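The following pair of complexes shares a single chain, chain A, combined with chain B in the former and chain C in the latter.
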Partner chain A sequence: MSLQPVKFYQTGTFTVGNRLLDESMRAVQANMTRTNSLNSGHRACQGCGEALGARYAIDAAMRAAKNRLIAANATGCLEVFSTPYPETSWQIPWMHSVFANAASVATGIAAALKVKKKNDVRVIAQGGDGGTTDIGFACLSGMFERNDDVLYICYDNEAYMNTGVQRSSATPPGARTATTPAVGPHPGNPFGTGKNLPLIAMAHQIPYVATASIANLHDLEAKVEKAMGIRGARYIHIYVPCPLGWGSLPSDTMKVARLAVESGLFPLFEAEHGEITSRIPIRRKVPVEEYLKLQRRFAHLFGEDRTAIRMIQEIADRNIAKFGLEEK
Partner chain B sequence: MKKPFAITLDPGSSLANHTGSWRTERPVYVDRLPPCNHACPAGEDVQKWLYHAESGEYRKAWESLVQNNPFPAIMGRVCYHPCETACNRGALDESVGIHAVERFLGDEAIRQGWLPEMKEKETGKKVLVIGSGPSGLSCAYHLRLLGHRVVIMEAEDRAGGMMRYGIPKYRLPREVLEAEVGRLEKIGIEIRLKQKVNDVMEVMEGFDATFMAVGAHIAKRAYIPAGDASRIIDAVAMLHGMESDSRPRLGRHVVVYGGGNTAIDVARTAKRLGAEEPLIVYRRTKDRMPAHESEMNEAIEEGIRFRWLSTVKSMEEGSITVEKMVLDEKGFPQPTGEFEQIEADCLILALGQESELDLLKNVPRLETEKGMVKVDHAMMTSRPGLFAGGDMVPSEKTVTTGIGHGKKAARHIDAWLRNADFHEEEREIAEFGMLNTWYFSDAPKTVQPVLDLVRRQSTFDEVLSGLSEQNALFEARRCLSCGNCFECDNCYGVCPDNAVIKLGPGLRFRFNYDFCKGCGLCAQECPCGAIKMIPESI
Partner chain C sequence: MLQQIEGSRAVALGVALCRPEVICAYPITPQTHIVEALGEMVKKGELENCEYINVESEFAALSVSIGASAAGARSYTATASQGLLYMAEAVYNAAGLGLPIVMTIGNRAIGAPINIWNDHSDSMALRDAGWIQLYAETNQEALDLHIQAFRLAEALSCPVMVCVDGFILTHAYERIEVPDAKAVDEFLPPFEPVQVLDCDDPVSIGAMVGPEAFMEVKYLQHHKQIRALELIPAIADEFSKKFGRQSGGLVKPYRIEDAETIVVALGSVNGTIKDVVDEMRREGHLIGSLAIASFRPFPLKEARSALEKAKRVVVIEKSLSVGLGGPLSDGVRKSLSGIAMKGHTVIAGLGGRAITGKSLKDLFLKAERNELELLNFLDLDWKIVNQQIDRERETRRSGPIAENILKSIGTVASRIA
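Coming up: the complex of A and B.
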């Protein structure tokens, strides 16, 4: 059987694996012996994007660190669905922290390892968008500013899901949440609010910042691997749809994530020391409607007045221009 | 056990929590019927043999292919490939060049001398096949694979039927035909040449069952008044003559009357024999010609001319008279009374063929329909034990249909000989909408090299060449594997609950229903539609 050389792969590199490709060129997730860092039996909702994103990222980090890894976890869905006492789904050394201080806990772990001269053990901090962009922001900024040897991963599901879908500073304009109801003349989350954490991280001039999506597994794994090859403060922001909070079908989790990228609403890029070094071009461009219409949190935008959808399209168009997402 | 302050339980694994109980729907792996397989008149498992070809396992691919069709090298050349018309990839960019890969496998088998595996034990039963066209050969082949003894009686001095005496060499080189037919003799099929059957009832004696496939060889004629010196011949006779030592003499101005593939083949053959710009006269319009568009285009490239909306009224020495026609509201051609003379040394009639059913004269109460023999779902005639297929039964008249009939008949004959029933399994068709085409990368269809025009106009060399190994591999890999798992690992990768278990190369996957929550992500993200969600009984 001649596996190599091959000029073309039936599914390119888009599928998780490919029986025709050399084992080393397939995703970590294609491997029969992947860590399954987040094991079965967790209580995440059906089709949870966060559970998926966490397994993707931590499995890749485990491979890069040769299984020498410790994670600190901010509270949020990721913690609550994985570790209700006395059970856990984590198959890695894993430490609970409070809502605000995962970055600081990780900093502490890294400092301790340094003292113990355990250079080979790597440290990860992880949390939701609320824990990252809002309450944990000060700790995170400090970790960046000190260039602590930690990879911080934010699983962005664009609201406080664990406590019932409240708005965070990562909630997109127009979205309905428990605290931004779809009522009044400007229903949903107000336009002109929120913050872009990857850009803020870049402003700290840290060695590595990247955005990733569960819809592009190969890219996600490559970014985690790259981050793990660097020392100092690193930040990866992963886009993870939440079927419950977004009102999307559990079976559409990947599709929603894919359309966020393809519409230009969630640009995929990498930056080193504050400079953007790569971006993933859009493969099949779609209007933002395609993305919005799969989610009940945007249902109110589809009334007679479509101004909000136009404004969201403008955001996407600006992203496309700013990050150069269209292949020339 | 001593525990830290406020701790009363050991840390446990979440594996104790069987989230499978949340499920209202469960995913199941299915093998849906790919549209290519469904459309293949010979019932080839196209997707399956392409799967093997994709990994370069050509022998395995060929072995899988010949379970349904003994003639891939022939098929890859003459089949009108309805599989490609049905191919789901057509909706994405262009259909997979199935016939080109098939031809590559067929040619590879000839080069390497591969033989099909004989798995069944000898049954001791003996079946007679009348006619060695594609249908008879296919039936014989499948009966042989099932362990029966087969004798073929053939009227001509060589086997192949219309594949030899009809289809021209420039589309089907005779070495290819001989190699693939010869293989059947190697697996023990006896072909008795020059044995025209005059009475089926007589020859059936001594056989446990009989399959007839005598084709349709009598040319249909039209009444055309002609002078003594004019030459009118029919297409089948002319093409038949191409197989004898003296090639037919046609003259410079050749007119072919008819609009089917045969008319095209005749005109292209005439061109190669030296006729200047042969002319095809057809009574209706271009878009109503039954000939296939690709063949028509190839003919036009080679300098064949067409005259639509015309009927031939009479033939004189050196010319014919045609009458112009117009189509009425119903689309039927009607005469206009306008006549024209056209130079013609020879008029070839390609108006279709009928079957000669004289050999059936002594079969009591045999049911026929429009000069063809009626058969039931099992390809059996009204006479028990007497089966028929190919051009002599009502259906599409192609090599592939004939091969399909032969296979079907063989499987039913086999069952009939065992007093059993043969049932085809029913499978849901893998429609385009069931695929997740996001995962397939763009890949343009591979083009087969074409012989240069001068050689096409003057020699009988094959017009289309085969694909190189690299190109065949590329083309095979364009297949989307509709409805059948091709081990892309997507389900394994996208399950948030690790409820898909990877079993290893070639072994596919299994669901772990202890943990599957039934989200449906695996089914949605399966590129080829091989997972189905079915309601859970709660």
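Coming up: the complex of A and C.
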């Protein structure tokens, strides 16, 4: 093949666009048969779990919806890195209103589609953990309770990343964030705080709730496709490591995600109408240290006193017992 | 068809005639009867092709409307007071996105102290959010303005608030001419959005915009309102030709030809003002009034030409810009730039305090005698205010102001001077 001068950067930006290469030189991700609903050229950090999770989730949803999909997005990293004006990475009709209202905006879109009798078009709402478990929680709960025909996807990177890594109600105990610094007698995020949104979603008795992880992309896609086959309010909570906020290597994103699952800290399960219907057993259980030590946000736990690590191990063990994750 | 109905029902009938496709409902006095009536119409099947959604907050009410409007549905909601503030972020957002949502405000005071009665503090708090703000003087106008509002909103792709005085209008029974559905259909064509979430032509709506273009986007919002200055009277004219009555417009002058004193106000209080003008005219006073029907955009030119020959302007405000005066006066003064004339701001009717003809007449006579201040508070009980000021001077822990004042009045019933 003759050498071809390649322009890696889009005009006026510093974005590498894989699709700008000759077709034969493109990576798998740039394969033109993929929907790539969240296309290359966005501004996510290297190794961003949220970008990966969103691309797989939305592509799976597109497949299930036969490419008839509209998304409402909360403010947050995903929104900011995907739509730097005047560019957009979204190949689907997409809308951002404000931080807290993605679920309501999606309800409105679904209502409009219903009156317009466009029953083939499906609606997704998506946001980060802050936009979902904290500020957007009232709108989300309302959407659940009314059983509006929306699939809500939360990309959980366990803090407010877009504003510089502050604690959210999804931040795990012990984690250092900008607002739970690793100082004082109890460094990091206090134990005994936080909420479990998948369980709260289940308490609304909605048709479908699932947790998923970028560590298991086939499972993630299958869950999204299953959710798309159901009408009414659905919720998928996807675990997405954030190298910048967690202080992990961009090349370790998948590893960190896998260890979260295998330690029992992030159980993978499905629930229908409030009842758990499936879980993914842990094949090779790992101690939480394996997971924690890859992330600088937990570095302060590795001093002389290892009580906090023991407490985190207890959380993992309780999860394994509670969700029945032990392989039988 | 003529009907003897409550203001809220009139508004609901007007909205229903516009064939809204998505209605979001959340209760707050004094707006609630409007969405209740619409809900009944949808449930009975009288209002077809409409999704009626019981949301969990006003923030959700407007957010659902935003999504519905962006997906191409004609969307409506209503609120008041605390509810409007609760949705404030979405109010700005709807305007920024250029979504032609129509929202009724059943104007009511804002707490603390919590108060359910009428004034304009709520809509005034969001006057600069980018919505067009129309103020109804009567219930007939309240109904008519909604039909015009959808026309205007969709022509410009800009949201419109129709402000209707809480209780005074929303809960008053009046004789209303309810327009014929066919005529409304002819006046208001189906919604054809300028931007829409469409799988066959995907767009991203609501992207982040930096310093390189934000000013331009904001200017274009302002430009819509400048265009509204032409469209509002044009739509009102067309409405009057079609329905046989004048409703809305930018300003409504009353007996101002040779007036030395002109009273300016928004909304229903103009009725009382006109009665007082008539009475004083009979007694030989050169007085008239000017109702501002469109507060956003503010009709600077029209206000100026109505007011410029007067000797003094008295602006009656149902909203207090704490620390300054009144927002309506700001617009009026701006319209009179360069003209030397006495201008008085009168804060009146806050929290539902009745604005009586007698008080207004005394006020206008005082204005004629040049005894009015720049800023005045109509029927303010100075004795009670001074008691509280003294109390606060005496003890640091003087307690909650509102409760102290009620204690010294010795009654919880509202007093009409």
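One rule holds for everything that comes next: the second predicted complex is superposed on the first by the 296 of 328 C-alpha atoms of A that agree within 3 Å, B and C clash if a C-alpha of one lies under 4 Å from a C-alpha of the other, contacts with A are read in each partner's own complex, and residues count from 1 in each chain.
Heads up, the rule we're going with is that a residue touches a chain if its C-beta (ideal position, glycine included) is under 8 Å from a C-beta of that chain, and two chains touch if they have at least 3 such contacts.
Since the model is a prediction, treat every value here as computed from it, not as a measurement.
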item	value
Touching partner for A:55 - first (chain B), second (chain C), both, neither	first
Touching partner for A:43 - first (chain B), second (chain C), both, neither	first
Touched partner set for A:252, first chain B, second chain C, both or neither	first
More chain A residues in contact [chain B versus chain C]	B
Contacts of A:302 with chain B and chain C, given as first, second, both or neither	neither
Touching partner for A:85 - first (chain B), second (chain C), both, neither	both
Partner chain in contact with A:107 - chain B first, chain C second, else both or neither	second
Overlap of the chain B and chain C footprints on chain A, listed as residue numbers	85-86, 88
Interface residues, chain A side, partner chain C - complex	67-70, 72, 79-80, 83-86, 88, 90-98, 100-101, 104-116, 121, 138-139, 141-142, 145-146
Chain A - residues contacting chain B, complex	1-3, 6-12, 14-20, 26-27, 29-30, 32, 36, 38-44, 46-49, 51-52, 55, 82, 85-89, 217, 243, 249-255, 258, 284
Contact footprint of chain A on chain B as seen in their complex	9-19, 22, 54-57, 438-441, 443, 470, 473-474, 477-481, 486-490, 492-494, 496-499, 502, 504-505, 512, 514-515, 517-521, 523-525, 527, 533
Interface residues, chain C side, partner chain A - complex	21-22, 24, 49-51, 53-57, 59-60, 63-73, 75, 89-90, 93, 97, 197-199, 202-210, 213
